[in-house]
């Protein structure tokens, strides 16, 4: 078993943003060069998500509207007594999850036809990191 | 480290349905024959979930009622401008998650007494695939 | 590839409680002694969560308030016809997820600066188990 680890760094233009990172993950999987394996993609910040869903901008908007309904940005979270203003981001990130593990079969990401890996940012406009760790043979 | 990969195909009778797939996963784990390892069970479609919870039909109904309250089927999603009518399924699948990683210890699934692996379908009545990838020694 | 498996047992004082278990996971990772690998931390009970978020008591309260709003404790779940009274716990555990997979790089947990692993209990005051399975080289 071998491992190959990289870190993606990104800074979104908006506070709330969804970005398709499938191609970057596939690039790292290709560099690792394993025929069989798995790749972990995990947000290293606690106000961001990694999730698999359709690459469709209308759906991105639906997801953001829905997250805001279920976990609204508002002043009266206890977490804000620390001086933070992003409690909603901590909750939104839980709803979508913070990591995925993708199978690698015959050398490539073994995804269904519409499966795309996304980064969900809920407290952006600053540098964030994602760990991409590939294991395999 | 060795890998063994299979794909489950299923087509639910209902549009919304929960199905216990633990026995099928255990069968694949037995075929792989690893003493120590892990098995990834992941929905390959973006309108379905894989999750671990109790095998109890009353709870299945509670989960479906609850998902419909939090992510209702309704016409006015932006995703529907593409011609689709299943935006609720994309959201429901996020709430339950789309994959699990199960430990294999001493040759069998290392689950708690009530842990059962389920497939959650939210846009069914057509063929869907699940990837089951076992790794171990 | 080698594996090292341990089980954490805990019993919370409260029915609903969040506990930081990062140090216990790090201790097990150190015992395993792998330079590169991953560690699965997974609740073995279906009314508990494992999740990564900030270690901040105000946020813990926010999370519990939020879970209660989205998946309230109430009598009229169908699951309660079995004699159980904890259907809300089954739902709350889905919202936060029941497992995480943490990367191990250069011998230690490869986490972002605020990433901490938490156990979320929603039906406590009795003994529960968590499986911690480390794999690596």
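Order of writing sets the labels: A, B and C. Residues in every chain begin at 1.
In this section, contacts are C-beta pairs under 8 Å (C-beta built on N, C-alpha and C of every residue); 3 or more make two chains touch, one makes a residue touch a chain.
Computed from a predicted model, the values in this text were never measured in an experiment.
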To bring the C-alpha trace of chain A onto its twin chain B, one rotates it, in degrees rounded to the nearest 5, by 120
Counting shared numbers against all numbers at the contact of chain A and chain C, is it over half, same, or under half, different? different
What whole-number Å value describes the gap between the mean CA coordinates of chain A and chain C? 20
Residues of chain A that touch two or more other chains: which are they? 1, 70, 95, 97, 101, 135
If you look only at chain B, which of its residues touch chain C in the complex? 1, 36-38, 51-54, 56, 58-59, 61-63, 66, 70, 95-97, 100-103, 105, 110-112, 114-115, 135-137
Quick check on the complex: what are the chain C residues that touch chain B? 1-3, 5, 40, 42-46, 70-71, 77-82, 87, 90-91, 93-95, 97-99, 101, 129, 131, 133, 135
